[in-house]
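Two complexes are shown next, each including chain A; its partner changes from chain B in the first to chain C in the second.
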Partner chain A sequence: MVPEGSPAQTAVAGKLAAGKEPAFQTVVVSARRRSIKEAGIEKALFAFTILSSILIFLIMFFVISKAIPVLQANGFSFVFSGGWDEHFVNAWLAPAGEPSWRFGALPLIAGTLYTTAGALLIALPFGLGCAIFLTELCPARLRKPLESTVRLLAAIPSVIYGLVGLLVVVPLIADQLISNELALQMINVCALDGTSLLAGMIVLSMMIVPIFIALAADALAAVPRRYKEASLALGVSHWRTIVKVMLPVARNGILAGAILAAGRAIGEAIALSMVTGSVANLPSVRHGLVFFLEPMRTLASTIIDNAEGMSVATCEAALFACASFLLVACIILSLFARLAAGGIQRKGGAAGG
Partner chain B sequence: MRTRQRSVLLVAAALVLLFSQFAFAQEAPAQDISVLVNGQRLSLDTPPLLEQGRVLVPMRAIFEAIGATVDWDGQTRTVTGRKGDVEVILKIGDVNARVSGRNVTLDVAAKVVNDRTLVPLRFVSESLGAAVDWNGAAGQVVVNTAVTGGGELPATLSGTLKMSGSTSVQPLAEELAQAFRQKYPQVQITITGGGSGVGIKDAAAGKVNIGNASRALKDSDPKGIVGTTIAKDAVVVVVHPNNPVNALTKQQVKDIYTGKITNWQAVGGPDAPIIVNSRTAPSGTFDFFTEEFLDNEKVVATAKQHASNGLVRQAVAANENAIGFISMGYLDNTVKAPLMDGVTPSMENAKNGTYHFVRPFNMVTNGEPTGLARAFLEFVLSAEGQAIVGKEYIPVK
Partner chain C sequence: MQQTGITGAGRNATGIGNNPNNSKIMVQDISSWYGAQPVLKEVSMPIHAKSITGLIGPSGCGKSTFLRCLNRLNDLVRSFRLQGTITLDGEDIYHPDADVVLVRRKVGMVFQHPNPFPMSVFDNVAFGVREHNRQIKKRELEEIVVESLQKANLWEEVKDKLQASGLSLSGGQQQRLCIARVLAVMPEVILLDEPCSSLDPVSTAKIEELLLQLKNSYTVVVVTHNLGQARRISDYLGFFLDGRLVEYGAAAEVITNPREKATEDYLAGNFG
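For the complex of A and B:
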């Protein structure tokens, strides 16, 4: 078990050859035992690693294989046509012999993209500002409490954000932005009641901003101190140093933070299902700014809202098709995040700490 | 003297109650009577007949539904039904019947209508060991064959009873479970939601002991399941308390939910859009609503979809222009239930049959209920269990 020529073995061999007390025998045994134990632990850890990566592939295989019947039956029209809610009722009520495989998820896919893009649009400038303030401008005694507050925000369960959105954001939108006339005008297209794309964007941005701040602040803090000192020594103002030196150096780390935030936004289900109106409506830019006030639903919240339908094979497959789209989107995002993070490492290495 | 007066009063009150019930039974138009056997609507080619407060139904349908065989002797005009070792013999036009050789006198004799033989429902069912409820509520007769509520309950019980399904049935199931656990503290009961469809499928798959469904069972439901109707519940259309609309008709509700009416003005309200709130497909309430209010037409695509009664109530309470539909058990002062076709949607009116939108609550088991599930259902159908049901729902006994 003990590898040939390991220090323990040679030491023991030496002692034995010298003919010393047999008391050393116990040392030999315990050393051997320890290394057996260590090897065992190493093997187990290796097995766990392999197992978890296999598990990830198994999950992907499982989700996609469950989704295939629906994707095959609908082809590209799954992505490019709407009518999800009606299709879902039809599929649920279909008699046992003749299942209904028709599904169109365009409103859900577009809804997912709209909410994620909108939330990033709000969260990125705001979060970057906060990160700069925290790392560069914040008075030292405020920094710790502020930072821990931000990290605490990142740990709040999403259902709480949803609740706040439902009780604060949604009524605010309904009262301030939607007039009776507008709602009447739109009633044949969609019901405007405050639950909307805008509410989704706001709630989602509140959710992802803490993660983004934390990651962006880390990236800024990782910028080598001498870069900043060199810039300041040359007489460049603090603000100009931040914009021209620190941000470009931290760029990849900030990018990775943004991508991880986008990953969280794309997969968010509960909070969005509470504030976006839960109807598979495709907000249309032709309606002008009303676009933001229209109710909609994302892929992830559809899986939550329609989960009761899982006992019917067609409905189940349709929900797995939604899941497979989400999965693929998240994998692509995480690959991008890795690329960006790789960028930081190279930069950091070149800078030499 | 006092006690005698009191007992006279009591008897009088009992008589009034008895006759009022009788009167309701007679009022219900015969074509509106439906018969639920083990939670499933009996499909009848000839509508049930109401005679002297007794419901008559086509013989083949009822005998077969309660698991009996039936023979018809055209020469003697005699119906013979058999289930196990019980034999029921009825003669057309004769009030004298025989049950396993015993003579029984009926109020109403079997008769032939439109070439169909109609037999008295209660006599046939009860003779063959089923429990029958007919109190006129919404013209629904409930027949349970698996559990009658008359069985002896064991002295002690232990184990875990799992239920899932309808969110309409859930609050009632929880109250019943609480009372059951007071009797049998060693029994653990878990109740989850998911919708009627989920409850039925879970029960059929053996994932739960009892699946809760707030609708009648259908032919498309899994085979081999047995429903036991434990209560009846009304479905109510609700609006925001500030909404001035105090009365709606079924036709108006249908027009609103199918998108023909989109402005409250059209039904006597303000010039404001109607925000339609509906349920997701697996809901038993949705099923009943589309069947009874919408005559199976489709709900408008702009309707918001909610996964539970509570969410619909919350959505209606939060928006002055909203409309929704919920189980009567969820009705509270955060929402308002307008008159429906001139009738107040109240428990009294649902019980006496003037409010028609009433559906059964079924507890579904995989095959005939056994063990803990049977004990629970016996308890639910016992006088004690039905008293709990009667607090907020319509009992079946």
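For the complex of A and C:
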């Protein structure tokens, strides 16, 4: 059998085209050419997809295999103990004959969780409010310009946010929230100079809020008009319609936006390394609200800030261990995102049927 | 919650307090535009209480626009503009002090395409009731839901699947669910915009029967493309053409003895 769209078949079609029904055959031939082209594109895309999934697996394999010596040497204490900066210096200075494998990444892991959670806590409610305002409440004239602004903000490189953080947020925290007495009081724990968990949370939330607004606004705008009209026509106020009808319908899309924002927050390195003080200090809740003012560092920032240690095998392995934690966290998040997106499709299908 | 007038103060903006001919709604000389495009042109028409007013006319003549003026749903369209007055029980529904939410509570609407919420059958009917009375007791709510489903002739078909999604019902059932949803909030007027256009003859018959029952307690306005349906159910009939109300009167009169040539042509099926 001749496969569809093969050269042989095209040739046959070409001969026929010269024969009886020229107009009709020309259409067939051009359609066939198109289908050959499309099949080619399809195959290329398929190959790219396969290639990129193989790449992802290779990266994962590479990162985790590099991390294994450190994870084996430390076991659970890698996750549950601190002292990273000290360990890192020790490993870096250790004589070649007796490498130091001891690492404790608790401050980094906790720091990543703190900044991400804090940023989400600020960004999600604020972003949702903005998305609702954009899609439902703002005057028509303002909507387009505001939307483009939000999309522009989402595209700004993170280092710019880091700069803004360093020039605005950090000094503000230092001036407004940290008194000399407080700094003195804490001097044996850590230096309070404005670079802090709080600065990290704020800068990170500024970074992720535009993406989240854009995605949440898209999700809200995609809510079928018929639901909104039905609710309003029942004499339900606009606000209650938004809360009780539109948000639930848009829920999965909003969730997907939140997950994407979380992914960006977890992986952010540069901006955080600029504003959090870059010390592997574990902010302690025992210090009360000072918790937020303590310097710290996340996993991603650590990989950047300690990158010069890569030349030492032990340090390299420790950084790859950080990377593997990030990788796993992101994979879990993207699985959640898939689930949320699946939910959207199921809903859409049911609505269609 | 229980307000009498839509303006709260019960103000009568136009001074037409006592309704002549027991008309529930008076439409007086309204013209409307979407942007610069005129749609309705100087339409005046009473809508009588406890009867069915049918609206017919060729596609694009402004029937839906007219209907959506009656519950101010056109307010959603930013470019929409209206001139003239519409009074409900003598009160101007477009008065600056009028409470649009209250207007819509009194004037319910059923849409051309069934649009149940993506919620359970029960919640679809309960939604509006809960919103209007957030302290309502579960018992009371259940009673209202059951009663509304019964009135909408849907109860027998859904009583065993109240928790199933409203979207899982058939098209005809969905449309009756939408009617039940409107009945549950106890409106005074029910607007229906081609409620049967996406339904099969059996579902259509069920809905027509339902409308005939409803007119005993509600004021009903139905837009329809189906002349047979207009004949079967309406007490009053309005014929729209190109944004104008060309003919209006008792349904039997309009159908058997139209005053205008255009109406005659339309009824004869010559256009539209």
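To be clear about the criterion, the second predicted complex is superposed on the first by the 310 of 353 C-alpha atoms of A that agree within 3 Å, B and C clash if a C-alpha of one lies under 4 Å from a C-alpha of the other, contacts with A are read in each partner's own complex, and residues count from 1 in each chain.
Convention: contacts are C-beta pairs under 8 Å (C-beta built on N, C-alpha and C of every residue); 3 or more make two chains touch, one makes a residue touch a chain.
Please read these numbers as outputs of a predicted model, since none were measured by experiment.
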{"item": "Touched partner set for A:244, first chain B, second chain C, both or neither", "value": "second"}
{"item": "Contacts of A:140 with chain B and chain C, given as first, second, both or neither", "value": "second"}
{"item": "Touching partner for A:236 - first (chain B), second (chain C), both, neither", "value": "second"}
{"item": "Touched partner set for A:289, first chain B, second chain C, both or neither", "value": "neither"}
{"item": "Which superposed partner A:226 touches (first chain B, second chain C, both, neither)", "value": "second"}
{"item": "Chain touching more of chain A, residue-wise (chain B, chain C)", "value": "B"}
{"item": "Complex contacts: residues of chain A adjacent to chain C", "value": "140, 224, 226-237, 240, 244-245, 248-249, 347, 350-351, 353"}
{"item": "Touch list for chain A against partner chain B, complex", "value": "83, 85-86, 88-89, 92-93, 95-96, 170-171, 174, 180, 183-184, 186-195, 277-279, 281, 295, 305-306, 308-312, 315"}
{"item": "Chain B residues touching chain A - in the complex, by the definition given at the top", "value": "194-195, 197-198, 201-202, 220, 259, 262-263, 271-276, 280-283, 298-299, 301-307, 318-319, 321-322"}
{"item": "Sites on chain C touched by chain A in the complex", "value": "71, 73, 76, 78, 101-106, 108-109, 111, 113, 115-118, 127-128, 131-132, 165, 167-168, 178, 181-182, 185, 187"}
